[in-house]
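Below are the structure tokens for one structure; questions will follow.
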Amino acid sequence: MDKRIENLAQAVADIPDGATVMIGGFGGSGAPIELIHALIDRYLATGSPRTLTVINNNAGNGHVGIAAMIEQGMVAKMVCSFPRSADPRVFTEKYLAGEIELELVPQGTLAERIRAGGAGIPAFYTPTGFGTDLAKGKPVAEFDGRSYVQERWLKADFALIKAETGDSLGNLTYRMAARNFAPIMAMAAARTIVQVSHAVAPGGIDPEAVVTPGIFVDAIVEVPNPAQEEDLNRANAHYPEVAA
Amino acid sequence: MDKRIENLAQAVADIPDGATVMIGGFGGSGAPIELIHALIDRYLATGSPRTLTVINNNAGNGHVGIAAMIEQGMVAKMVCSFPRSADPRVFTEKYLAGEIELELVPQGTLAERIRAGGAGIPAFYTPTGFGTDLAKGKPVAEFDGRSYVQERWLKADFALIKAETGDSLGNLTYRMAARNFAPIMAMAAARTIVQVSHAVAPGGIDPEAVVTPGIFVDAIVEVPNPAQEEDLNRANAHYPEVAA
Amino acid sequence: MTGKLTNAQIAWRAAQDIHDGAYVNLGIGFPEMVARFQPKGRQAIFHTENGILGFGEAPAPGQEDWDLINAGKKAVTLKPGTAFFHHADSFAMVRGGHLDVAILGAYQVAQTGDLANWSTGPKGVPAVGGAMDLVHGAKRVAVITDHVTKDGKPKLLDRCTLPLTGVACVTRVYTSLAVVDIVDGRFVLREKLPSLSFEELQSLTGAPLHLDGGVADLTCPEV
Amino acid sequence: MTGKLTNAQIAWRAAQDIHDGAYVNLGIGFPEMVARFQPKGRQAIFHTENGILGFGEAPAPGQEDWDLINAGKKAVTLKPGTAFFHHADSFAMVRGGHLDVAILGAYQVAQTGDLANWSTGPKGVPAVGGAMDLVHGAKRVAVITDHVTKDGKPKLLDRCTLPLTGVACVTRVYTSLAVVDIVDGRFVLREKLPSLSFEELQSLTGAPLHLDGGVADLTCPEV
């Protein structure tokens, strides 16, 4: 078994119109920029995939990564906790124009719903959001005298994540706080596609240090020296590049 | 802040009669033998703690560790998934004599209830056990056409666990499959007491390799070269030692 | 009753259906034997409830490390690509549908797919382990078992009389006499020992055996 | 209106109540300032939602590593004993009651402990982040805020008029004028600027201020 994929284009070739896609990252840390841009390339070349539902903590920053997906019109709906950033204009304008749907989820509930999706837990109770607008219409229950909101699992057709090191069986490690949502998204997606900065053979990762075991991973593509969204934005980058 | 405790006796000095105690380990792997035996020493010297509720995957093996606690009469109730072992006589005899209570929980539900206790999730739904005797009397619900059982979180007053390396802030790593229930028990107990084979200063564990972050740990006691329950049982050990 | 497959042969037959790269959990005891019979050129990846993925076979006696054991508390070994994780993550793999196959033993299997394999009744000390999670987690749940009990009573039944492990969870049963699928609440016979007539097999089975296309010969090498 | 504390002084005051060894989450923006004023001899351990425990202060400009950031997306640094973990584990820490203190900003706080700090109404793009989790997780939830809005309206109210972040969650409010506890659905004044009379403070507060024992002088150094 070898989960390695030759190149980025192949890695994202199967994502269809209307798919639900979890994308790792918290702001720029952990954002799989190269996978996202490969998906944009495919869309620009073929018109697909479109009408995507994207699950991420944020809703893009500047004109690269998720912001560029939104700007190109590939995204019908965002599920996120914090659709603000240093430069949120792309999402903000589409949202205020009614061109993109938003499901706003408290960050811990977003994480737990994703983890539940991966762990086969269809619903759970959380104190988060009780009595607020974000719990409206959700079942509530009392346990030991305290009130809780029932939340449902969140699953996806695909996850696109970035890891630091990956072996050909799909075992992964991450780099510092770039870990964030990636391990739980890997669990919750039917197909998890990973860009790794370093691809290694099985045995190349200490079994104690594996963060995401290979069972949660379907495809690995090596992208050495990946771009940092923050650096791209500080350089005012656009994707695709605006002709000078 | 320094979470290190001088010795085993001090580490277990605060556990009162009637406490609920989670004890790490799956069979012998991960069993904190020295902490357990320190607790037995205290009981033999003072008569306390007694009428304990012990949460562990099993219910002891031979005459050491949890089996020895049960044999001494310290345990009123076991919560476990599999009260069988190579030599389960201590538990079996007490159970059949009606001298110890048993709450039998499917292993994955046991793990998830403990994790829920640590994560502030008072209840969740699982397919496990639906339609079986172990779900009798529990609320059921249907999600997306499938039936699920509602399970409640499990918390404890104390957790006694074994780790491989621990720093003075409480960050922990484990040794191979000795990890098992320890990381989630550390989350679910009001006070988590850890025997570590190697105590190190902060910085002595790679931040990427921390399995249990220090926030879940209250006390660390160094026990170099800890005993393996399996080795003790193969040598037919008893605790306390039977006079020759 | 004519000849029957040995336990090793039942395990061999079950192993033939495990595809390359499959993630597999083998129940403790008899099902562990399936790992021995992986067909050449295929590599299954074995999961054990106590937090190891991708472990290797048993070490030589005396070489055991008792922190490196499987759910049956037997020593295993590391392989390149092994990963360790805690119990909640382990059962996230199980309950979350990430395992391709779980192969378990059985006291009884019903034509509805119900399984009884954890309790023989109120006597003695009950113990369930991870069986109830496995039967509702793996994408495919198969049973390996003798076709009848030690005293010759059917183990494949219209309904289980022993306490259930799970409802409508088993989809294939490998027995000492036959391979039987469970489809829409019925036993569908796929393979049987060539030496055994359909009628003989039916008489050893506690619910109707249905046919859906042909019945292949169940033949296993000496293993 | 007489003098008031600067934001830095409010943050300083809040920092005095953080005990040695406390696990602390500081909301993004103004609350992050609290970290600067840890009293000598005490070491708090800071948690950030995006999966770091025990991080250090901001790096020098140009030294940022954008994989090492806090929830406000600002660069932080490693310290001996830092740990990384994923988002579900991070919010297990929050929701599971493992944080000792969360210090957050506020648009409005009610005498019931209700907090509004995430939405100013249906206009614009709503964003909530981790605030709703923090207010129901930390053992102690405190707010730091100016005592009144920019146009002089009370922020401490009988009930919040803006969308709630959480119900009955705040137990202490550090303002530019006072320190106010929330006890049994009432504001209890603990400290006020010595230059301010009780009546003046009450007139700037949207619900009754109660007394329970004495009121201490709120005095802060120049910071």
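Each chain carries a letter (A, B, C and D) given by its place in the written order, and its residues are counted from 1.
Here is the rule we use: a residue touches a chain if its C-beta (ideal position, glycine included) is under 8 Å from a C-beta of that chain, and two chains touch if they have at least 3 such contacts.
Quick caveat: nothing in here was measured; it's all calculated off a predicted structure.
Colleague: Along the shortest chain of touching chains, how many steps lie between chain C and chain D?
Modeller: 2
Colleague: Looking only at C-beta pairs that count as contacts, which pair of chains has more of them, A-D or A-C?
Modeller: Counting C-beta pairs in contact, A-D comes out ahead.
Colleague: Mind checking the centre-to-centre distance between chain B and chain C? Centres are C-alpha means, answer in whole Å.
Modeller: Computed value for the inter-centroid distance: 30 Å.
Colleague: Taking each chain's centre as the mean of its CA atoms, how far is chain B from chain D in angstrom?
Modeller: Averaging C-alpha atoms per chain gives centres 37 Å apart.
Colleague: Among the residues of chain B, pick out those that touch two or more other chains and give their numbers.
Modeller: Each of 112, 115, 119-121, 126-127, 174-176, 207-208, 211 in chain B touches at least two other chains.
Colleague: Would you give the residues of chain C that are in contact with at least 2 other chains, written as numbers and ranges?
Modeller: Each of 84-85, 88, 91, 94-95, 136-137 in chain C touches at least two other chains.
Colleague: For each chain, which other chains does it touch, given as pairs?
Modeller: Here the touching pairs of chains are A-B, A-C, A-D, B-C, B-D.
Colleague: What residues on chain D touch chain B, complex-wise?
Modeller: By the definition above, chain D touches chain B via 20-21, 23, 43, 45, 47, 53-54, 78-85, 88-89, 91-99, 136-137.
Colleague: State the interface residues of chain A toward chain C in the complex, per the touch definition above.
Modeller: Within the complex, chain A contacts chain C at residues 1, 115, 117-121, 167-169, 171, 187, 201-203, 207-208, 210, 213-216.
Colleague: In their shared complex, at which residues does chain D touch chain A?
Modeller: 48-52, 64-69, 73, 84-88, 90-91, 94-95, 114, 119, 124-133, 136-137, 163-167
Colleague: Which of the residues in chain B come into contact with chain C in the complex?
Modeller: 26-30, 57, 81-86, 88, 91-92, 95-96, 102, 104-112, 114-115, 126-134, 174-184, 211, 228-231
Colleague: In their complex, what parts of chain B are in touch with chain A?
Modeller: Touch list, chain B to chain A: 112, 116, 119-127, 141, 143-144, 146, 148, 152, 173-176, 206-209, 211.
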